[in-house]
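So, here come the structures, one by one.
Next come two complexes, and both contain chain A; in the first it sits with chain B, in the second with chain C.
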Partner chain A sequence: MKQQNLAINELREAVLRMPADRLSATRTAAIASLKQNGLPTLRHEDWKYTDLRPAIEISNQWLAAGANNTASDTVADAIATITSSLDANWLLITNGVIDTSHFDRGASIEIARFSDTSAPPLADKPLADLNAALLNDGLKIHVHAATEKPLGLLIIDAADTGASVSQVNIEIKIAAGCDAELIEYQASLGTQDSYCNSIISMQVEESAHVSYVRIQDRRIGHTQTARQSISMGAASDLNMASYDLGGGLIRNDLDIDLNAPHANVVFNGLYLAGDGQHIDNHSRVDHRVGPASSSQEYRGILNGRCRCVWNGKAIVHKGADGTDANQSNHNLLLSDHAEIDAKPELEIYADEVKCSHGTTVGQLDETSLFYLRTRGLDRRQAKQILTHAFAADLVGRTPIDMTRDTITALVGARLAVLIQEELL
Partner chain B sequence: MSSENIESIVNRRYEHGFITDIESHGLPPGLDESVVRAISTLKKEPQFMLEWRLQAYRQWREMTEPTWAHVHYPPIDFEGISYYSAPKSDADKPQSLDEVDPKLLETYDKLGIPLHERARLAGVAVDAVFDSVSVATTFKAKLSEAGVIFCSFSEAVREHPELVQKYLGSVVPRRDNFYAALNAAVFSDGSFVYIPKGVRCPMELSTYFRINAANTGQFERTLIIADEGSHVSYLEGCTAPMRDENQLHAAVVELVALEGAEIKYSTVQNWYPGDENGVGGIYNFVTKRGDCRGDNSKISWTQVETGSAITWKYPSCLLRGNNSVGEFYSVAVANNMQQADTGTKMIHIGANTSSTIVSKGISAGHAQNAYRGLVKVMPQAHGARNHTQCDSLLIGKNCGAHTFPYMEIKNPSAKIEHEATTSKISADQLFYCRQRGISEEDAVNMIVNGFCKEVFKELPMEFAVEAQALLNVSLEGAVG
Partner chain C sequence: MLEIKNLKVRIGDTEILRGLSLSVKAGEVHAIMGPNGSGKSTLAQVVAGHEDYVVTAGDVTYMGNNLLELDPEIRAREGIFLGFQYPVEIAGVNNAYLLKAAVNAKRLHQGLGEIDAFEFLKVAREKMATLGMDPKFLNRGVNEGFSGGEKKRNEVLQMAMLEPRLAILDETDSGLDIDALKAVAQGVNALRSPERAIVLVTHYQRLLDYIEPDHVHVLSEGRIVRSGDKSLAHELEEKGYDWLREVANA
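Take a look at the complex of A and B:
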C-alpha cells in the first residue's frame, strides 16, 4: 500500500510563518525529526488497523491552502450550548488556539502558556513531532486544591471555508492529596474536513484523587489522533470514563504509568460507531511498582459500515509484585459491514500478580428480543431497549455525577440514530 | 526442600543427551541453487519437485527473517548450516526392523523407545525419522490393507507423485513465510499420510523425530490428507541429543481434511532446550496448518511443548468448509532460559464454523512464554463460534508470561469469547499439600498437572502418560 507523505516543505514554510517565541527551537527540532521518522503506517504493529492517510490528506490540503484556520461565527453558539449544559470552569481551545475568557482564575488552579514559560521536550511518540512542529501554543495547568466546579477543557474544531488542522498540548499537574474533577469535551463544526492532533499529559501526585470524564462528540468529517499520558504517584487514584460518540477517524492512545505503590486506576470506555466511522482505542498500562491495581472495561456498539479497534495492553514490569490488572472488552456487532479488531495484551515479568482479560463479540440475545416482542414491542423498539441497556451500564459509571444527564442524553440521541440506520 | 536436594535436581543433566556416532554423509554447509539441486538428485526426485524447490529457494532469497515474535536470539548464519545429512546405510535401506542398523535401535533404546516392542505392544506404526531419511516403517501391511498410505515423504514423491503434486503447498504455500520457504527449498524428508474415502485408520500413526548430526538443520515436511469421511489420529514426538551449538529446525506440516473427514494431530516436543545458562538448544521455527477444506470436517491440534531453546509455532486451522471445526489444545512449558512464542490461528471462512482454543503456558526460571493467537471471522462466515481460554502460570520471580491475542471479526453473527488469566502457584495451595505430607516438588507437579488437565485429556493415552512425566522433569528445580 502506498503511503502518501506529509508535505514537509509546505509544513516547514507554515512553521516559518509562525511568530518566534519560546516554542521556536522545539518546532525546528520537530521538523527534522518528522522528516526522518515520518508518520506511522499500517506496517507498524500499533497502527496495524488504523490508516492515517486521511490525517495526512487533510494536513496537506490545509498546508496547500496556506495553513489558516478560520473559526466560524457558529463557534460561539456551540460553545455557549456546551458550557451552559455542564457547569464547569472552562478552558477553551478553538482550532488549536487557547482561549481563557471563560475561565475563572482562582487560588486553586494556576495556568500558564508554553510561550510564557517553556515548551516541553520533544516526546518520542508517534505524532508528537507533528504536534510540536505546528503547535500554536500549549497550556500548563496546576491544580493545587479541590475546586468547587470541575475543570473543563473544551476542544473545538471548526472548518467552514476549508480544511482545518489543529494541535493541542496540555500539561496537567494534580498536587499531592488534592481531589480534582476534570471534564474534557471534544466537539467540531462546519462542513469541511478537520484534523486535530492532541497530547494531554497528566501527573497525579501522591494521594491525589482524580475523576476524569472525556466526551468525544465530533462530526463525521473529523479526524483525530489523541494521546493521553498519565503518570500516577503513590496511593493516588484515577477514575476515568471515555465516551466516543462521533468522529470519522478517531484514534485514542491512553498511556498510564504506575510509578509508585498503592496507585489505583479505573478507566472505562464506550464507543458507538455507525456508517463511515473508524474508532480505535489503544491503552497501555505500565505497572512499574506494586502493589497497585488497574482495571478497564470498554464496550462498543457497531452498526452500519464501520470499524472499531480496541487494544488494551498491560505490562507488569519486573519486581511489580502485588499488581492486580484486568481488562475487559465487549462488543455488540449489529451489521454485516461492521468490523471489530480486539487485542487484549498482557506482558508479565513478575510473579506475585493477578492479571486477567476477557473479550466478547456478539449480538443481541434473541431470547431477550423475543421476550420484549411478546410484550407488544416491535423489533426495533426491542433492539433499542437492549442496546440502551448494554450502554447504560457504562453511562452509569461516569465518575462525575453532574455529567450523567448530559452523557445520558448524548448517548441516547446517538443510539437512536444508530439503530435507525439498521436495515431491519 | 533441602538446598542440597535442590542443587542435585538443578544440576541434573538432560537425560536424553548423547550423540550416536553413526557416520553421516551430508552436504557441506552453505546454501545455493546447487545445494537444492543436489538434495533433489540425492532423493531421486521427479522434475516437478526440483522445480518446486528451486522456485521456493528463489522466493526465500527475496524474503527477510521475521522479527515480530517475542523472542531474542543471535542472528542465524544460514550459510553455516549443512542442509542434508543421512545415515550411511541410505543406499540399501532396511526392508524391516531386523535389518535396521543396530546402532540406531540402540539410540531408540536409550531414549526409552524400544521401537518394535513399542510398535507391537501399542499397536502403533512408527515411521521413525532419524536425521533426514526414514529408516523404518512398520505395520505397512496392515495399513495398506485398509488402503492407508503411510510412508516417508521421499517415498511418496516417487510412489504417489499425483497426490504429492496435488496437495503439496496447497495449505502452506512456498512463500508463506521465511522459514516455510526455506523448508520448501531444502526439506529432506518427513511423513506422508493418505487416508482414503470413508476409512477410519485402524491404528494411531506415529513419527519420532531425532536431530542427530552436528550443524544440521532439520527440515521435515509432513503432509496428511484425509479424504471424504475418513479419520486419522497422528502422533508426533521428539527428543534430541545434547549439543552446544544452536540448531535450526524449520518444519512444515500440512493437513488437508476433505468433506466429513477428521484429523487429530498430537505433538509432544522435547528437544534439547539448552543448558541452564541458555547455551545450546534447538531453534524450533515451525509452520503447521490444517485446512478444513470440506464441509463438516474437523482438525484438532494438541501439543505439549517442553523442549527447544526457542519455539516459534502456531498450528492453525483454515475453517473453509461449512460446519467445520478447529481445535487447539496446548501446554507450553518454558524453564531456565527457554523462550516460547506459540499459539494458533483460527480463520473462519465457511458458515457455522466453530473453534476452541485452550492454551496453558507455564513459565519458570528465566524463561519467557508468550501466547500469540488470531481468531478471524470473514464477512461470509455466518454463525461462527469461538471460545478461547488462555491461562498462564508463573513459577519464580524472573520469568515472563505474555499474551497477544488478536481478534478480527467481520461478521455480526459471530460469537467470540476470549478469556485469559495469569497467576502463580499460591503459598496457600502449597501449604495445604505439604500439610498433608506431600513434598513440595510433588505438590508443584500435582498443581501443574491439574492446571494442564484440560489439555492432557485431549492427548491419546500413550502420550498423556509421557506428557505428564515430561512436564515433571521439565519443571524440576523450578521451585525450591
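Take a look at the complex of A and C:
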C-alpha cells in the first residue's frame, strides 16, 4: 500500500499566503516539524487501528485547490439550531475562523486571540504541527468565576460549496476555586469533504470544579481529529462526558495529567456508529501524584459496516501512591460487520494503588428480546428499547443538566437511524 | 380456547415434548405439574412463541386459528400472556414505559387508540395497590434489582394491565415467601373470569392451595400422563413424582 504524504510544498505556499502575525514563527517551526516527522501512520502503536490517509487526502486536495474555506448561508441555520437548543454563552469557530458575535462578554470570562497576544509553543504531539501550520487564529479563555450560563464552544464546518479543512486551537484556564461548565459541540454540514483538526488544552487550577460535555455530531463521512489536553491542579474535579454521534473518520485523543494530590476526574463516553464510520477514542491519564482518582466508562453501539476503537491508558507514576484508577468499556454489536478494538492499558510504577479495568463486547440479549416480544412489542421496537437502555445510562450521566434533553434527542434520533440500517 | 394435539417439540437434538395433547376452555384454570425436566417450561415457551423450540409434529390452535404461524408479539396482542419463571432484568428501561408500550401495542392491534397517560397511571397504581407493590416500582428499571418476590409481582402486574385471554404462569410460585405467594395468588384470582383461561405451570402443590384449579395434569417425559381434578395435586404431594416414571414407561 502506497504511503500517502502530506503535500508539504503546497502547504508551505498556503502558509506563505497567510498574514504575518504573532503566529508566523510557530507556523514556520510547524512546517519544519511536519517535513521531518510527517503524520502518524499505522506503524505507530497509538495509531495502529486508525488510518489517517483520508485526512491527508482531503488536506492535499484542499491545498491543491487553493486552501480556501467558503462557508455558505446554510451554516447560519445550523448554528441557530444548535445555539437555540442549548442555552450557553457561545464562542463559534466556523471553518476555522473565530466568531465572537454570539459571545456575551462578562466579568467572569476573559478571551483573547493568539494573534493579539501570543501563540503557544509547538506541542510535541501528533497533528499539533499540522494544526500550528495552518491555524488561522486561536483563542485563550480565562474563566475567573462561575458563570450563569455554561461556556459553549461551537466548532462547525460547512463543506457545501467546496471541501473544507480547518484547524482549531483553544487554551482554557479555569481559575482556582472556580466552578465552570463547558459545552463543546462539533458539527459539520455539506456533501463535500471536510476535515477538522482541533486542540483544546485546559488547565484546571487548585480546587476548581469543571463539568465538561462534548457532543460530536458531524455529518456521516466527515473527518475529525480532536485532542484534549487537560491538566489538573490540587483538589480539583473534572466531570466530563463525550457523545460521538456522527462523523466518518473520528479520532479523539484525551490526555489528562494529574499533577497534584486530591484531584478527581471522571470521564465517560458514548459512541454510536453505523455504516462507513470509524470512531476512535484514545485516552491517557497520567497519575503523577497521589492520592488522586480517575474513572472512565465508555460505551459503544455499533451497527452496519463500521469500526470503533477504544484505548484507555492509565499510567501511575513512581510515588503516586493512593491512586485509584478505573476504566471500563462496553460494546453492543448489532451487526456481523461491525468491529471494535478495545484495549485497556495500565502501567503501574507506584506501590499503593487501586486500579481496575474491564471490557465487554456483546450482542443484544435474545432472552430480553423475547421477553419484550411476549409483551406485544415487535422485534424492531424491542431492539430499539434495548439499545436505548444501553445508551440511557450514559446519557443520564451528563454532568450539565441543561444538556440532557438535547443529548437524549440526538441519541434517540441517531439510534432510530442506526437500527433501520440493519433492516436494509 | 387453546387446543394442543399430539405436539412434538425439540430444542437442538433433544426432543422435549413427545406427543402432548391439552384442551383449555374459557373460564378454566389448569395446573400443569411434573418433575423437573418433564417439559413444563417448554410447553409454556412454545405457546408464547419462543423461536429456539422447533415444533416437529402436532397442532396448536388458539381461538380457532393456527397459533404456530404467529410471531410472539402477535400472540401477545391476541391475548396470550406468559409469566416468566425468571423475569428478565432490563436496566435503563423504565417499568412504566414498558407497561405502557405493552398496553398500547395491544390497543393498536385491537384498533383502539393509545391509552391516555393519566388513565394509565391511575389504573397501574390501583393494580399495584392490590398486589402490595410500592408505586415507586413504576419508575424503576424493569425488574432491575428486584427481589424474587418483587419480580413475580411485577409479572402479575403486567398480566393485570394486559388483561389476557389466556395466561400461562410459569413457576410463578417459585422463590416466593408466603406473603408474596398470597399477593400473587390474589392477583391471579382477581383475573379469573368466564372469558379467560389460566394455565399454572408448577412443581409444587403449594400454589394450588391459593389458586384452586379446575383441572390438574401431570406431565412426564414430554407427555401428559394423567389428568384429574384438584385432588390429583394432593396425591402428587403425598406420593412425589417417582411413581410417574413407571407410568410413563409402561
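In this section, the second predicted complex is superposed on the first by the 422 of 424 C-alpha atoms of A that agree within 3 Å, B and C clash if a C-alpha of one lies under 4 Å from a C-alpha of the other, contacts with A are read in each partner's own complex, and residues count from 1 in each chain.
As a convention for this text, a contact is a pair of C-beta atoms (placed from the backbone, for glycine too) under 8 Å apart; a residue touches a chain by one contact, two chains touch by 3 or more.
Just so we're clear, the structure is a prediction, and the values are computed from it rather than from any experiment.
S.K.: Once the structures are superposed on A, label A:Y371 by its partner contacts, choosing first (chain B), second (chain C), both or neither.
M.R.: Second partner only, chain C.
S.K.: Any idea whether chain B or chain C touches more of chain A?
M.R.: Residues of chain A touched, chain B against chain C: more for B.
S.K.: When the two structures are overlaid on chain A, which partner does A:H388 contact: first (chain B), second (chain C), both, or neither?
M.R.: second
S.K.: Should A:E339 be classified as contacting the first partner (chain B), the second (chain C), both, or neither?
M.R.: So A:E339 only meets chain B here.
S.K.: In the overlay, answer first, second, both or neither for which of chain B and chain C A:Q363 touches.
M.R.: First partner only.
S.K.: After superposition on the shared chain, which partner residues are touched by A:Y349: those of chain B (first), chain C (second), both, or neither?
M.R.: First partner only.
S.K.: Per the contact definition, I'd like the list of chain B residues that touch chain A in the complex.
M.R.: Interface residues on the chain B side: 68, 70, 379, 392, 394-424.
S.K.: Would you tell me which residues of chain C are touching chain A in their complex?
M.R.: Listed in rising order, the residues of chain C that touch chain A are 48-51, 71-73, 75-77, 81-82, 84, 87-88, 90-93, 97-98, 101-102, 105-106, 109, 141, 158, 162.
S.K.: Can you check the complex and tell me which residues of chain A touch chain B?
M.R.: So the residues of chain A touching chain B come out as 45, 318-319, 331, 333-363.
S.K.: What residues of chain A sit close enough to touch chain C in their complex?
M.R.: Residues 365, 367-368, 370-379, 381, 385-386, 388-393.
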